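Look for chain A in each of the two complexes below; its partner is chain B in the first and chain C in the second.
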Partner chain A sequence: MNKNGPLEYDYSVSKLFIMNALFVGAIGMLVGVIIAWQMAYPGLNTFLGDGLAEYTNFSRLRPLHTDSVIYGFVLSAVWATWYYVGQRVLKVSMAESKTLMLIGKLHFWIYFVSASLIVTSLLLGWTTSKEYAEFEWPIDLAITVIWLLWGASIAGLVGFRREKSLYISIWYYIATFLAIAMLHLFNNMEIPTILATSPAGETMVGAWWHSVSMYAGTNDALVQWWFGHNAVAFVFTTPIIAMIYYFLPKESGQAIYSYKLSLLSFWGLMFVYLWAGGHHLLYSTVPDWMQTMGSVFSIVLILPSWGSAINMLLTMKGEWQQVASSPLIKFMVLGSTFYMFSTLEGPIQAIKSVNAIAHFTDWIVGHVHDGVLGWVGFIVIAAIYHMSPRIFRREIYSRSLMNTQFWIQTLGVVLYFTSMWIAGITQGMMWRAHDEFGNLAYSFIDTVTVLHPYYTIRAVGGTLYLIGFLMFIYNIYKTTSARRVEEDELQNASPMGA
Partner chain B sequence: MDIAQLQAYGYFIMTAGLAIGLYAYIYHLYSKRKDADGVDYENYSNMALRDDVTDTPVNDASSDKKK
Partner chain C sequence: MFHWLEKHPFFFALSVFVAIAFAGLVEIIPSFAQASRPLVGTTPYSTLELSGRQIYIKNSCNACHSQLIRPFKSETDRYGHYSLSGEYAYDRPFLWGSKRTGPDLMRVGNYRTTDWHENHMKDPASVVPGSIMPKYTWLYTNEADIETAYAEQLTVAQFFSVPYNTPIPMKDGSSKVIKMADSIAEANADALDEAKVIVADMKDQSIKDAVANGKIPEIVAIIAYMNSLK
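Let's look at the complex of A and B:
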C-alpha cells in the first residue's frame, strides 16, 4: 500500500485463502465423486491397478474426501471471508499493522503446510480412526497453532477496531473460534504409543507418530459425537451464517430484515446446539436419558435455525426481482432455503422412532449432503463471487456461466439427496423386515442389489456438482483478467460481464 | 432427597430459568429498541451496508475515549 495514499483494505491474506479453497475444493469434491462411483461400481476401487489398490480403495479415500472438503475447502473459505469481512465491518485495514499482517500470513502458510501433511498422511493410511479427527498427534499440535494464530488475528482486528459494536457476523466468527478450540482439544486428548507400556510390559510400542485416545468405549463415543456434531455446528453452520449475514445484505443493498432476530437466533443456537450431539448415539450403550436429551435438543434446534433462515429470506422482502436477475443472489437464497430444509430434516432424523429406520443408512449421507452442497457450498460460492470483483478490481467474467453453474449444481444436489432418501429408507426397511418367527427377510447383499441404481444416480448428482464447481473456478480465473471496474460499481450488486 | 431428585429439581429450575431469561431478553430487545449506547439495534445492519474504511462508524469506538 502507498503510505501517503488513502487508507485501503488489504485483501492479500484473503486472496491466498480463496485460492486454496478453490484448489482443495476441486480435489476434495473429485475424490468424493470417485468414491461415489466406487459405491456404484466396486471394480473402480482398483482404478489405478491392483498394485496401487491400497491408495485407491474407498476406505483410504473416504477420510481424504471428508477432511479435505471440511477442513480444506470450507475452512479456507471461512478464513478468506474472515480476512475480508473482519476488516470491513470493524473498519480496520490489515495494512495498518505489520504484526496483524504477519499473523495472517503465518496463519495461511502454516495451515497450507499442515494441510499437505494431512493429505499425505491420510493417503499413507496414518489415522487415529476417529471420524473427522483422523489426524495423528503431531498434526493435532499444528492445528492448535493454526487455531491460535486465527484467534490472535480476531483479537487484533477487534482490538484495533473503529466500529465500537461487533456486527452479528463477528459474533458468529468468534463463536466458531471458541467452540472449535474446545472441541479440538477435548476430542484429541491422546497418548503417543511410544510413551505407553503394553500389558505385556513392552515399551516404545508402534510408530512415533501414532497415538491412542485417552477415552475408551462409550466415553470415547460420547466425546467423539459431541465433537462430531458440533463440528457440523461450528464449521458448517456458524461461520456460514456469519458469511450470509454480511454478503446477502451487501450484495442486495438491503438491511437485515430484523437485527434483533439475528441476536436472538445467535444466543438460541449457542445454548441449544452443544447438547444435540447425543442423537448420533441413539440405541447405543450411552445412558438412555442422554439419548433422549440429544433428541429433544435436536427438535428445539429448529427454532434458532429457522430464526436465522427466515431472517435471511425476509431480508429480500420487496426485492425479490433480484433473485431472478442476479445469479449471485440466487445462490444465497437457495442456500438459505437448503439451510431451512436440512435443519428440519436433521431434527426429524433425531426422533427415536424415525432414527430406528434412518440410523446407519444412506438417508444420513443424503442429509449431510443437502446441507453441505446446498447450504455450505452455495454460500461459499456466493461469498467468493462477491469478494472477487472487490479483491481484483474487475467484474465477474461471465453472468451466463454463473447461471449455468447454478442450475447444473442445483440439479446435482437434488439428484443427490432424492436418491439417498429412497436408498436410505429402502435400506432401513429391508434391514428390519422379518417373518412371523423373527427371521430376517433379507440378507445384506439383497439391499446392495436393490440400491445399485440409486448409488448410480447419487454419483451422477455428485459429478454434476463437481462440473459446476470447475465452471466456478474457470469463472474466477477469468475474472482476474476481466474488465477493470471503478469503486462506485462495487457498492452493492457485483458487476458482471455477459 | 436423593441425588436423582436433586438432579430433577435442578434440571427443572435450570430449564424454567433459561426460558424466562430468553423471554425477558426478547421483551427487553423489543420494548427498549435501543442498547446502552442509545443506538437502535436495527441501525447495526448499516455496519455491513456502509463498510468502506472511510465511512462513518455506526457507533464510533473513539467516542468512548473522548468522553
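Let's look at the complex of A and C:
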C-alpha cells in the first residue's frame, strides 16, 4: 500500500453482504406476499399441492417471512454498511490486516450457512415458538458465534482506527452489537431435552434439537417481549439510524444539522427504549406497574425518535430541491418521514385504552410494516444505491428505474398500512361490540369474513413493494454488468445515467 | 463528557451497556424473585398433552391464536374467565401469541369437543363457513413424537422441579397425580392409553385403526392438548 496516498478501502466483505441482502430480501418479501394472499384466499395454502401442504401453509411460512426479512435482509444490509462505513469513518482499511479480513469472511460465511439451516429448520417446524427468536439451541449457538465475530470486527476496526473520535454512526453500531448480544443471550436461555435421563437410565434421542425454556408462563412472556420489542429497536432502529447518519450527509453534501440533537437522541433512545417492552403485555398477567411503565416510556420514546428524524430532515435545510432531483434523497427523506410517523403511531398504540382495541389485531401488523417497509426498507435501499457505485466503481444503471421503483413501493406501503388500519380497528371494535341486551353482537367468524377486502388490498400493496424490490435488484445487477468500470472511485453524490 | 466518551470506545460501550441494561434489571429481576407459582388446580401436562403442545408449536398455531384472555366483558363473554398468572406456571414456553387471526384458545377445552376438532382441523371451512384457517391434513398421517414429549417431561421435572408423580391440590380439596413414566417404553404405553380415550370419540376409521395398532397420529395428540385447555 502506498503510505502517502489515500487509503484503499477493501469492500469484498461488504459486497458479499449486499448480494445476500438482495437475495434473501427478495425471498423474504416473496414469502410475505404469499402469506398475505393466503389470508385473502385460503385456498392458496396448498399452492404446491396437497402433498406439500405442510410446508406451504400460512403457519409454517409466517416465521420464515419474519425471520428472513429481519435477520436475512436487514441484518445483511446492516453488515454490508458496517464493512463499508466502518472502514471509512474510522479511516482503516480491511486490506491492512489479514486477521480483520479473515474475521469478516468468517462472519459472512458462518452467517450464510446458518441462514440456510434456519430456513430448513423453520420449514420443518423446528421452532421454540418465541417470535423472532424461533430458533432452537444449535442455531442459537451459531448466532452467538456470528455475533462474536461481528464484535471482533468492530473491536478490530475501532482499535486500529486513525480517526480518534467515533462518528455518530459508530455509536449506533456499537449499541446494536451490545443490545442484541444481551437480548439474545437472556431470551434464549433453554435446556436441551437430550440432557434428560429417564429413571430407567435411558438417554433421550427423540428430537435432539428440542429444548425447554428456562422461564415459565408470565416470566417467559416478560423476557420474550423485553427481547421482542428491543430486537425491533436494535435491528430496525439503531443500525438504520447509523446508516442514515452516514449516507444522508454523504449523498446530499450537507452537514448533520445538530450535534446536540444527535447526542440527545442517542442517549435518550438508549435509556428509554428498553423500558417500553411492557406495552406488548398490556392487560396481561404481567404486574400492573410494569404495564404502566411500558405505556409511559413508550410515550417518552417519541422524543429521542423524533429527535433523530428531525435531525435528518433539517439536514436537508436549504437543499430541498434535491428531493425532487435525486431519487436517492427521495428514499431517505420519505424514510425519515415514515420513521416519524411510525414512532408516533407506536406510542399511540401503547396507550392502554387504545391498546385494548388495537392489540391482537391487524393494526399492529400495519404499524410494523409502515416502519419496516417505509423506514427500514427505504433506508437500506438508499444505502445500497449509494454504496454500489463506489464498491463496483460503476455508475447506477438507470435513474428512471429508481424513480419508478420509488413510486411503486411508496404506493405499496400506503396501501398496506391504510388497509391494515381499517382492518385492525374494524375487528377490534367488532370484538367488543354488544347488542342492546348486553350480548356479544358478532360471532368471531363475522369479524374474520369482514376483513376479506382489506386483506386483498394489503396483498396488492405487498405485491407492489415486492415488484419495486425486484426492480431494485435488476438495477443493481445491470449496474454491475452493463456499466463500464470507472478508473477512479466515484465521488460526491451518486452518479447516474438517464 | 460526551466528547471524552467518543474518543474512548471502551468507556463509551460500557456507558451504553449500563443505559440499556438498567431497565431490564429494574423490571425483570423483581418479577423473577417472586417465582411464578401455580394456581390451585393447575396441573402439569400429561405425556400425550405435552406431545400435542409440541405439535401446536411445530405448526405455529400461536401465530394466529392467542392464549390470553384480557379482563374485558367482551372477552370473558366470548372466551371465559380472564387469564390468571398462576395458570401459566407449567407453560414453557408461554403461548400467549400476539395476533388473533383466529379466536383465543386459552379455555377451548371448555366449549369444543374431540369430534368438533376432528372435523375442523381436516377442513375448517366445512365446520365454520367463511373460515380462512388452512386445512391441517398432515396431522392425520404424521405420527406424534412421544419420546420428545417424554424427554421434555423429564427435563422440566429434573431442572425445574415440576411436580410429576406427586399429589397436586385441586380446587375442591382433593388431589390429583399426573403420572410421568419411568422409561421410554412405559411413556409410549401411557400415551397410547390416553390416545385410546380420545379416539373413542373420533369417527375417522384410519385413526382408530392406527391407535389400535399402537400408533398415535398427531391429530390425536393435539386434540388431547386442546381438551386440556380449560
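Note that in this section the second predicted complex is superposed on the first by the 471 of 498 C-alpha atoms of A that agree within 3 Å, B and C clash if a C-alpha of one lies under 4 Å from a C-alpha of the other, contacts with A are read in each partner's own complex, and residues count from 1 in each chain.
We take it that a residue touches a chain if its C-beta (ideal position, glycine included) is under 8 Å from a C-beta of that chain, and two chains touch if they have at least 3 such contacts.
These figures come from a predicted structure and were not determined experimentally.
Visitor: Which holds for A:G253: it touches chain B only (first), chain C only (second), both, or neither?
Guide: first
Visitor: Of chain B and chain C, which one touches more residues of chain A?
Guide: The partner that reaches more residues of chain A in the superposed model: C.
Visitor: One more residue to check, A:V448. First (chain B), second (chain C), both or neither?
Guide: second
Visitor: Quick one: is A:M332 in contact with chain B, with chain C, with both, or with neither? Answer first, second, both or neither.
Guide: After superposing on A, A:M332 lies clear of both chain B and chain C.
Visitor: Between chain B (first) and chain C (second), which, if any, makes contact with A:M387: first, second, both or neither?
Guide: Neither chain B nor chain C is touched by A:M387.
Visitor: For A:I396, decide between first (touching chain B), second (touching chain C), both and neither.
Guide: Neither partner.
Visitor: Is A:R162 touching anything from chain B or chain C once the two structures are fitted on A? First, second, both or neither.
Guide: first
Visitor: After the superposition on A, what does A:L313 contact: first (chain B), second (chain C), both or neither?
Guide: Once the two structures are laid over each other on A, A:L313 reaches no partner at all.
Visitor: For A:W267, using the defined touch cut-off, is the partner it touches chain B, chain C, both, or neither? Pick first, second, both or neither.
Guide: Both partners, chain B and chain C.
Visitor: Does any part of chain A touch chain B in one structure and chain C in the other, and if so which residues?
Guide: Dual-contact residues (chain A): 164-165, 263, 267, 271.
Visitor: Give every residue of chain A touching chain C within the complex, in rising order.
Guide: My answer: residues 38-39, 42, 45-46, 50, 53-54, 57-60, 62-63, 125-131, 158-159, 164-166, 171, 174-175, 178-179, 182, 186, 191, 193-200, 202, 204-207, 210, 212-213, 215-224, 226, 230, 263, 267, 270-271, 273-275, 277-278, 280, 283-287, 290, 293, 356, 359-362, 364-365, 431-434, 439-440, 444-445, 448-449.
Visitor: Mind listing the chain B positions that touch chain A in their complex?
Guide: Contacts found on chain B: 18, 22, 25-26, 29-30, 35, 37, 39, 41-49, 51, 53-55, 57-64.
Visitor: Inside the complex, what are the residues of chain C that reach chain A?
Guide: By the definition above, chain C touches chain A via 2-3, 6-7, 9, 12-13, 16-17, 19-24, 27-28, 31-32, 35-36, 54, 57-64, 66, 68, 70-75, 77-78, 83-85, 87-103, 125, 128-138, 142, 145, 147-148, 150-152, 154-156, 158-160, 181-184, 187.
Visitor: Using the touch definition up top, name the residues of chain A that touch chain B in the complex.
Guide: Residues 6-9, 87-89, 91-93, 161-165, 167-169, 245-246, 249-250, 253, 255-256, 258-260, 263-264, 267-268, 271 of chain A touch chain B in their complex.
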